[in-house]
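Order of writing sets the chain letters: A, B, C and D. Residues in each chain are counted from 1.
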Amino acid sequence: MDKTILPYIISGISVGGQYALIAIGYTMVYGILRLINFAHGDVFMVSGLLMVYLAAALPLTVAIPLVIILTVLLGFTIERVAYRPLRTAPRMSVMISAIGVSYLLQNLALYITGGLNKNYPQIPWISDRVTVLGMETSRVTIITPFLTIILVVLLVLLINHTKIGMAMRAVSLNFETSQLMGIRINSVISATFIIGTFLAAVGSMLFFTNYPGVVPTSGAMPGLKAFVAAVFGGIGSIPGAVIGAFIIGICESLIKGLDTILIVNGTITEQIGLATFSDAFTFVLLIIILVFKPTGLFGEKTTDKV
Amino acid sequence: MKAVKTPEESRLISWISFFAVLIFLGLVLLLDQLIKPTSSVYMLMTVLQKGSVYALAAVSMNLLNGYTGLFSLGHAGFMLIGAYTYAIFTIPSTSRDTVYQYFDAVVRFSFPETFSNAMGPVGTALGVLVAVILAGLLAAVFAYLIGLPVLRLKSDYLAIATLGFAEIIRAICQWQKLGPITNGSNLLKSFARTSKFKVAVGGLKLTLSTFVPVLIATVSIIIIVKLINSTYGRAFKAIRDDEIAAEAMGINLARHKMISFTVSSFFAGVAGAMMAMVLSIAQASNFKSAMTYEILLMVVLGGIGSTSGSVIGSFLFVAASEWWLRGLDSGSFLGIEAPNIFRNGFRLVVFSIIIMIVVLFFRQGIMGEREISDLIILRRRKRKAGKEAAK
Amino acid sequence: MRKDRPCILRVEDVTMQFGGVVAVNNFSMEEYEGEIVAIIGPNGAGKTTAFNVITGVYAPTNGRVSFNGDCVIENYPHGKMKKGYLGENAGKYTKVLEPTPDRLTALGMARTFQNIRLWKSMTVFDNVLIAKHLKRTSNLFSATFGANKAEEKQQREEADALIETVGLAGVRNELATSLPYGKQRRLEIARALATEPKLLLLDEPAAGMNPQETVELTKFIGEIRDAFHVTILLIEHHMDLVMDISERIYVLDFGSMIASGTPAEIQANEKVIDAYLGVTDDA
Amino acid sequence: MKKILAVALVLCLVLALAPMAFADNPVVKIGVFEPQSGDNGAGGKQEILGMQYANMLTPTVEIDGTTYDVELVYADNASANDKAPTAAQSLISSGVSLVLGSYGSGVSIAAGDTFAAAEVPAIGVTCTNPQVTSECDVYFRICFLDPFQGTVLANFAKSELNATKAYCLAKQGDDYSGGLCNYFIEAFGKDNCVYEQFPEGTSDFSTYITNAQNQGCDVFFSPVSTEAAAQIIAKANTQAIGMPILAGDTWDSNVILNAAKGTDVKICVTTFYQEGADPEFDKGIKEWIKSDATALANNGGNDELAAVTVMGYDAYYVALEALKAAGSVDPADVLEVIPSVEYTGVTGNIAFDDIGDALRDSAFVKSCNTETGVWDFVTVATVK
């Protein structure tokens, strides 16, 4: 492959893997509750902050599992406190509640950090520098996609072969009927949030090891992008979300480098600032998908009843 | 409860509102003369200025989210268009080159200047007005174009698509290649702003820094209220309550949703222009989705589907965050000294907790779907009934 | 049959398929001005689907609907459909007119719903008044700035008159959803009448009513036909009501029409008795 | 319920307005207009440190025969241009005689109008963009300007680092980094520069470094906030950037030192002060920082001095000079005398020209010692 483009692709795959881990949480929650959990990106950020504070006080071997446990607990609590009481309320109310939680988490983080950038602790080994295909990068960049795929395979196995997985699939197909069939909806939803936040916690470790600065708004953009990835892949579909995330990660990285790529190719002679659109591109992709194929790449068709 | 008014009561309410608005405007004009920027209660004026910007933004969002039932999160984008349009067309020619310090500005005229050359001081005011209206119109045009593909989407997909468009608008405004128009991602300033709104009427110098934004917001909100009470407003509510029934009763969904979306965006654009003139700067990076969320929370605080609620909600929001709760950030609040707890950011934490409580336990907000007029009428009826019972 | 009068509604060979399920199969019917015609059939026979095709909610997989002499719905074979419409059922519409429900209503077709769909946050009066929106001549600006006062006043008076006629004047200012079931049905009919239709389509108007209310409703339907000069097409389960007021009846079973004729003919038809009357008369 | 709420709100209002308890001496208020959160929060806090230290050493000032207690009044502009006017207004409303700050040029430009409308003078400490003073009659500053700094850096890159092609990275919409890059490019030669901007909230700097490498640049100029700086340095290390990183005065901070320690990235910055120029002052302030837990935390956890802290220290004394010269605590009087104030501080001579800018013609160039984690003095640069 072209030596110019390779670094962008590798960096894109790595970011994509991190988005994928967040996107799964979105897609699972949306599949079951039909709720865009706006707070999911902020849970991801809080997980990063927890690591910052815990790693300062405890050895990493204790801090890492503790961060995961606390993040999962946070996700579980948010569902209990902010979404469960609104189960029968209109969808708009639940979405507003999600926006409210996101606002609260960001402000809380602002208060605790004093609004300052917190440096993410270096996790040994994975943050070391390695040389791949003649290119210098950190080990986490290389590990991320593999770890993501392993986790996704485990998750798919869980969903297809365990009782709770079956219950999840049933609930996402039809909420009311599953309830009538004796599925305990609340525990299924809790399980969904637990799995989603667990993956977000892992994603946050990889992400912040790669980009070691945590601020209160760190979660907002990755969160939105992960949601777009979930929509792109077809909401409710886990492989779809993962593929969507990788595509978005790679495109984003390529767009940031597009000026340079074109200059090196000789297509253009001076910078035209296309990198400005690296975030906006994600949304262009979203709108194209929503307008032309609202069910996403792998989404199932739904029929509306009058 | 909403009160169904008799014709007599409606007339009464129109008179009351007419005088209330008149008195309010007069009071603002008076305060504008009395309270100088160095005064310790000038925060009141800041709250009035910013509050009126957010009130208009919230009311226009409520028109869409509360009355038409379209959950859109693109407000910040339309406000951005409004702010930029207003700013670009009111920068005086002498300041243009310093504002566009890295670019060759393309737009080389300013409405207030052009008009004042032709008509004197009245022209300046007219120029500002034209720029504000142009700001709204441009936002409406963008809304129309965006509405074509996205308005067919359902609830949360609509929300996320409009959010996306707002981000795209922001990126476009920040693009270096558009620098000659938008000044790239840099600050726009030196345009006509409230701190410069002063007139001399026959030797009497009047300050209009707060009066102008309050006036624009009041007029705009009155127009929105009139729209809501018109046959179109009723059609919007029908769409909100039951889209299928509305369509079956001959209401063209696509057309009416588009009307609501463009009108809402028009006033969002006006609010954006006001935001620029109040802050005296305009910069794309300020119009993030967080701004939309804040406006949404104001609407929720006031009660979705209540215009007076949105106005109250936004003034409360602004006053609490800019003024009353400031002590929470700076060490002492209500006489309690606790610098370790009351430090930077605590105000926002308290604030978000209050909002979560409203969202979870007082879902109706302050006003529910009622208006102030409903409260007045109900009160009046109660009093009348009481009097009759006493007889 | 009143063939001497103009044909208001003509349905030709309508088929509606959802995936593999054929909800309506090759259904044809016609109705002439001033008639009251009923479509009956057991649960799941495809009555409401047929209704939804006629009112433009669904685009038929095949077939044609003409209203008042104009062809309003016609489909390409094999479900090749036009995608110009941006509403609820984007991509489902056919070539002529893009017959969305609101356009058909504007042409003079109004309906009620099986599971009452009133605007729930609004009063009885507002429910009727909003249906008058269709008849406005004011545009956005004249409506907002009060330049349409005369029209607004007239529409309000018309709405009040309509409420009076259907006997809801006493509850004019009540919330629509606070009314008892029977009155909600009446209100839905009044709302449909407010659009000044030529053809009124009633989807199970007597569903959930007791015998007393049903008798009143039967009378009411006859009255409105005469008072408003509308043609009525209704779907009904209540055999009493159907037999009393309809002039002709079409019977659907599993999507196909198995009989048509006057009430007397239908009552005597063995196929109908087998398929419907003898089996699932739950009314 | 609603009534209680209403009463509570009114109570809040009354208490918020209630006057503070009076001290023995009359009080003169100096406004501190600095970011304490957001991108520039760390830098703003370091700048405040200098003022606080100076205030501790000299808590009173004699104005027109009366001894006043000096009170620092803080307002956080949150590094955001849209928050700046309100923060400025809150200072004005609290009755300050003059204002110091801010770290970061954008917020100063944004707030200029508000200060001008109230005719309250402001003295910029380290805001280097020319527009801060050129567009505002009440704004002064004690630091050098970007055209100067940009030229110094460009000359340094050419002559000392032998660079022929420069990669410039600024933050979108940031007047400080954007302005400085612009002047750097002007001095270095437009054709030899690659200029890119990253959007707010960017955490992935690896692509920008790749861009610089791919386009064959030999110096990486990124005068961005310290927050972004830490991440750029980390990425530069893992991607073996292979060219020196050059930056302006914001990077003279221990955040950079901490990030660069133990890496093999070469970093050079221009700044206002070199530690050791006034050993007595250095010793005093370091002791104070170490003794005060909050100060230590605000300085990033160690006692490495940032130039902005020293500038903050000098700015406080310039403010006192102005108050003394005015003989009044009225902002209008202070405004009148500032242009003629002169003061010799730790960072050198401070006097204003007719635009309100400091008359300064030299900058220190320092490089980061990645082994020990301190700044090494390189040279004093001037522009002829």
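By our rule, a residue touches a chain if its C-beta (ideal position, glycine included) is under 8 Å from a C-beta of that chain, and two chains touch if they have at least 3 such contacts.
Note that the structure is a prediction, hence the values are computed from the model and not measured.
Chemist: For chain B, which other chain has the most distant CA centre?
Modeler: C
Chemist: Just to be sure I understand: the centre of a chain is the mean of its C-alpha atoms, right? Then which chain's centre is nearest the mean of all of them?
Modeler: B
Chemist: Using mean CA coordinates as chain centres, what's the chain A-chain C distance in Å?
Modeler: So the centroids are 48 Å from each other.
Chemist: Between chain B and chain C, what's the gap in Å when you average each chain's C-alpha atoms?
Modeler: It comes to 43 Å between the two C-alpha centres.
Chemist: Quick check: how many Å separate the C-alpha centres of chain C and chain D?
Modeler: The separation of the two C-alpha centroids amounts to 73 Å.
Chemist: Quick check: how many Å separate the C-alpha centres of chain A and chain B?
Modeler: Centre-to-centre distance between chain A and chain B: 33 Å.
Chemist: For chain D, write out the residues touching at least two other chains, lowest number first.
Modeler: 36-37, 172, 197, 199 - these are the residues of chain D that touch more than one other chain.
Chemist: Out of chain B, which residues touch more than one other chain, so two or more?
Modeler: Only 171, 174, 176, 185, 244, 344-345 qualify.
Chemist: For chain C, jot down the residues that touch at least 2 other chains.
Modeler: 57, 88
Chemist: Applying the document's contact rule, which stretches of chain A touch chain D when the two form their complex?
Modeler: 4, 7-8, 11, 15, 110, 114-117, 119, 127, 129, 136-138, 207, 210-213, 215, 217-218, 220-221, 253, 256-257, 259-261, 263-264, 271, 273, 275-276, 278-279
Chemist: Quick check: in the complex, which residue numbers of chain D touch chain A?
Modeler: Touch residues, chain D against chain A: 36-39, 41-42, 45, 78, 172, 194-199, 201, 203-208, 210-211, 213-215, 226-228, 230-231, 234-235, 237-240, 258-259.
Chemist: Using the touch definition up top, name the residues of chain C that touch chain B in the complex.
Modeler: 55, 57, 85-88, 90, 100-103, 105-106, 110-111, 113, 117-123, 125-126, 129-134, 136, 138, 140, 143-146, 148, 152, 155, 173, 191-192, 194-195
Chemist: Quick check: in the complex, which residue numbers of chain B touch chain C?
Modeler: 4, 148, 151-152, 223, 226-227, 230-232, 234-235, 237-238, 240-254, 259, 263, 305, 369
Chemist: So in the complex, the part of chain A that touches chain B is made up of which residues?
Modeler: Result: residues 34-36, 81-82, 85-86, 89, 91-93, 95-97, 99-104, 107-108, 110-112, 114-115, 217, 220, 224, 227-228, 231, 271-273, 276-277, 279-280, 282-284, 286-287, 290-291, 294, 306 of chain A touch chain B.
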